[in-house]
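The same chain A turns up in both complexes below, where it pairs with chain B and then with chain C.
So, the complex of A and B:
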């Protein structure tokens, strides 16, 4: 004999299943770091910006997390959203992705026609309008393609998939790169050989004062 | 007007619908509890944002000269980074520094204050080495103490200070080598392909990490044993893949590693060493028995670990910002951080008494074999095409074998350069084969008279062998 499932039970089960499915696995993992800590405060305009100053902006993100499509972090040297599902902008984790990191460290404007420099707070949740590929192409008034052999610190090496900024040269000809590498990596300084790779091109932020 | 009363079947349908709606609401509520509960808990578990300590950030970079020419003036340059002082109009660190320098390896260090070179785009804190020291036939050694004046914090570079200073060696009569302009596309074919694996998750596949806005990352490193057995670090699958000459299939060795980009050394009859460069505990050196059983773990002291090699006395790690080779074990026992700092060496030992020095500066690569009495043999290699990193510099026959990346803005290849007592013995080009990322300086290994290259393409990863005694 087949017993009919009571309507309330069936509806309950269906709604529960549908809700869980719609929410997806990401929600169950994420820490909602951006919801808890990040803000949308206006940036401060600065009429003097230097490679040294942008290095300091970058160093405050070191050892923080990586969030695909993100751009908000604190400065406690801990990834507060480890193990988020990758390539999901809805996981609300801590940290920038590679292009969001470059945008914020280079202190750029959301208006791509503006070369001006803006100091964004660490906890300001902003990614900016550029992808790695658009940095590679020198998109936007503040960005320009540049010969790789002439790149110096705080210039960037970009591919269609990734962008990182030069932190220092090494004696063996490799570079130290400061970058938001990926969910398992976070933000840090690593030795890389992007400069000689045909996948990467040179990019320079326009308008440094020093 | 009175509303008509529903018939009994209609009342049953209404009750059914109402019960269903109540169930659905309960289901949604339950889903919300399930989903928001853990999320809310996670929010509650997050620590408050820390009170920022501006003194905490201090870092510095420096490119050591490594090899100098007779009479060549030497300026030591540093960049120093820290938080600008509160209320400062600018956004630069209020820094200062002193380099302590001496001729050769012994004697008292002489202090040399660093001055800010405002015209320089990098290496802005500079100090010119006194001529009498720069001209020393023994070269010179030095270390720097760099300060954040506003916060009163300082750092020593290299970290071992006077106990493990940086070293510049004097080349007395380097042999000049002209490579001319590189001809792209004229690369040498491999002698053999002793290892290959497709990308995938099967028993004999190699793991690939990547996706949108991420470079593809493949196996990070490899080693070649004396019998030609190739071991590839398949870190994505937490294992090593081993292919012995003549074997019909790959053998895998499970490794307890975190799965991020890592370097590999050892193998053969000895243990495997894995250098983890990313993750919460990195940089960290791990030792595994031949069957993959975990042995020791050695925490490393500096922020960046770039290379792992097996030296005459055990594994050594190239660390930054000191830019020195740091021994991780001594007599089989892990070294503590303080002991590591004090035992660091500017050059990598290639035998009990010899080291190889290499530096790329502008359009020139300088390379020297350094023995107990100083530089025994040196070369200056010029190229009309830009040169990037030196991937490999190893003693070979009566000279050195170099692998240098040469590039333009749109192309890149490797140039294999064999140097002998009189200069260039031979050279040939190899394709970049760098579709997937590896550890930056672990694409080549020299074993006997064969050079091995770790390469990849969209299908998979491979190791190619190039026999050096065969004319190209």
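So, the complex of A and C:
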């Protein structure tokens, strides 16, 4: 004998199944890397900071993930949070975004009026107050716009939507840029022609000791 | 005599409360450019402590004059067909879509800037998605200051469907923005900013043309991208 399920019960069951399916799908994105591994430790002030030192900081993020609005990563060369929805700052994944990466590598202060240098730990979850557009405009005491032709390693090229730092210059005039490229790519070094693009401007972190 | 004192104290408290407007809200009498705020729409008379922001729609030749020309000078595709300038209590903004209507661009302005760089102290850009949505509010808090040197934060807010007005809660007043354009509303504030996380929290409500509340949202925006 087949019993018919009352319509309200069937509707409730369907809604429950759908909500559980949706919750499962959402949870798959949320590795909660920042909640599990990141911290809010105070940074260490440094009175001597160099381009080589910042390059070392940057290279530790190579092969790690990308997180919109993020700034926390480890150094195991694996993206712990692949496939997060793009441009969502609440997905708590591993890695920086482009401007958070630049802020941390350039060892800047949360106070935009302070040029001082701070060593942020890799697992310190911090993005900083600058977007790519802010860097492009030279916003903040540590940042200045700079002629593109004169940029050297660890200077940056920024547009309203993206910022990356110069790792090396190629013989053909293009640059190797170390950057947090996007959710599907993470952080790495790519050959770019930002220097020749009218959308990009030059930015320099001021105050390098060497 | 002893009964008189509590009664007098209560009377004084009531008088003080009445003098402050009762609700504790007090609408500012000046916008960030020094102008007098326009009248609050009559349908929003029930919104206590409301101050109306100034709104101007820009078209064609408006983009050939300051301050718009300085805002669009680096935007690919040249002058946009239209834009919206909003003058609020803490800051002013210009929002427009690129000529291909794929992106929104904003220039953010205030009385002062930490690093003076022209007429605008900040910019923002984001994809403009179907239905007028955006993926991120594009919080900007890096460079703009009030005359009193308080940090001004800016973020795009997408009003609720059918919204005609957007009301942003501040500690001591409520700021009314015209939400009649197709663009998200670029709001500005000095409140709800968390410097440690480079984020800001805004409480906004949407009202339709009749003054009926059609949306109530807390927006958590973080600097990103």
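Operating definition for what follows: the second predicted complex is superposed on the first by the 182 of 210 C-alpha atoms of A that agree within 3 Å, B and C clash if a C-alpha of one lies under 4 Å from a C-alpha of the other, contacts with A are read in each partner's own complex, and residues count from 1 in each chain.
The definition used in the following text is that a residue touches a chain if its C-beta (ideal position, glycine included) is under 8 Å from a C-beta of that chain, and two chains touch if they have at least 3 such contacts.
It should be emphasised that the depicted structure is a prediction, and the values quoted were computed from it without experimental measurement.
Student: For A:34 in the superposed arrangement: first (chain B), second (chain C), both or neither?
Tutor: neither
Student: Using the touch criterion from the header, give the chain among chain B and chain C with more contacted residues in chain A.
Tutor: Comparing touch counts on chain A for chain B and chain C gives B.
Student: Now for A:102: first (chain B), second (chain C), both, or neither, which partner does it touch?
Tutor: A:102 sits against neither chain B nor chain C.
Student: Which partner does A:140 contact after superposing on A: first (chain B), second (chain C), both, neither?
Tutor: second
Student: Is A:148 touching the first partner chain B, the second partner chain C, both, or neither of them?
Tutor: first
Student: Touching A:132 in the superposition: chain B (first), chain C (second), both, neither?
Tutor: Both partners.
Student: On the A-aligned overlay, A:91 touches which partner chain: chain B = first, chain C = second, or both, or neither?
Tutor: In the superposition, A:91 touches no partner, neither chain B nor chain C.
Student: One more residue to check, A:182. First (chain B), second (chain C), both or neither?
Tutor: In the superposed model, A:182 contacts chain B only, not chain C.
Student: Just checking: does A:111 make contact with chain B only, chain C only, both, or neither of them? Give me first, second, both or neither.
Tutor: second
Student: Hey, what residues of chain A end up touching chain B and chain C alike?
Tutor: 68, 86-87, 97-99, 131-132, 161-162, 198-199
Student: Which of the residues in chain A end up touching chain C in this complex?
Tutor: Its residues touching chain C are 40, 68-69, 86-90, 97-100, 110-113, 126-134, 136-141, 143, 160-162, 198-199.
Student: Taking the complex as given, what residues does chain C use to touch chain A?
Tutor: It is residues 74, 76, 105, 114-115, 117, 121-125, 135-136, 138-143, 195-198, 220, 222-225 of chain C that touch chain A.
Student: For the complex, give me every residue of chain B touching chain A.
Tutor: 16-17, 19-28, 30-32, 34-35, 38-39, 42-43, 45-47, 49-50, 52, 57, 59, 61-64, 66, 79, 81-84, 89-93, 118, 121-122, 124, 209-216, 258-261, 277-280, 303-304, 306-307, 320-321, 323, 358-360, 365, 386-391, 404-407, 409-412, 432, 434, 440-441
Student: Contact residues on chain A for chain B in the complex?
Tutor: Touching chain B: residues 6-20, 23, 27-28, 30-33, 35-37, 46, 48-53, 55-56, 59-60, 62, 68, 74-76, 78-80, 82, 86-87, 97-99, 123, 131-132, 147-149, 152-153, 159, 161-162, 167-174, 176, 181-182, 184-186, 188-193, 195-199, 201-202, 210 of chain A.
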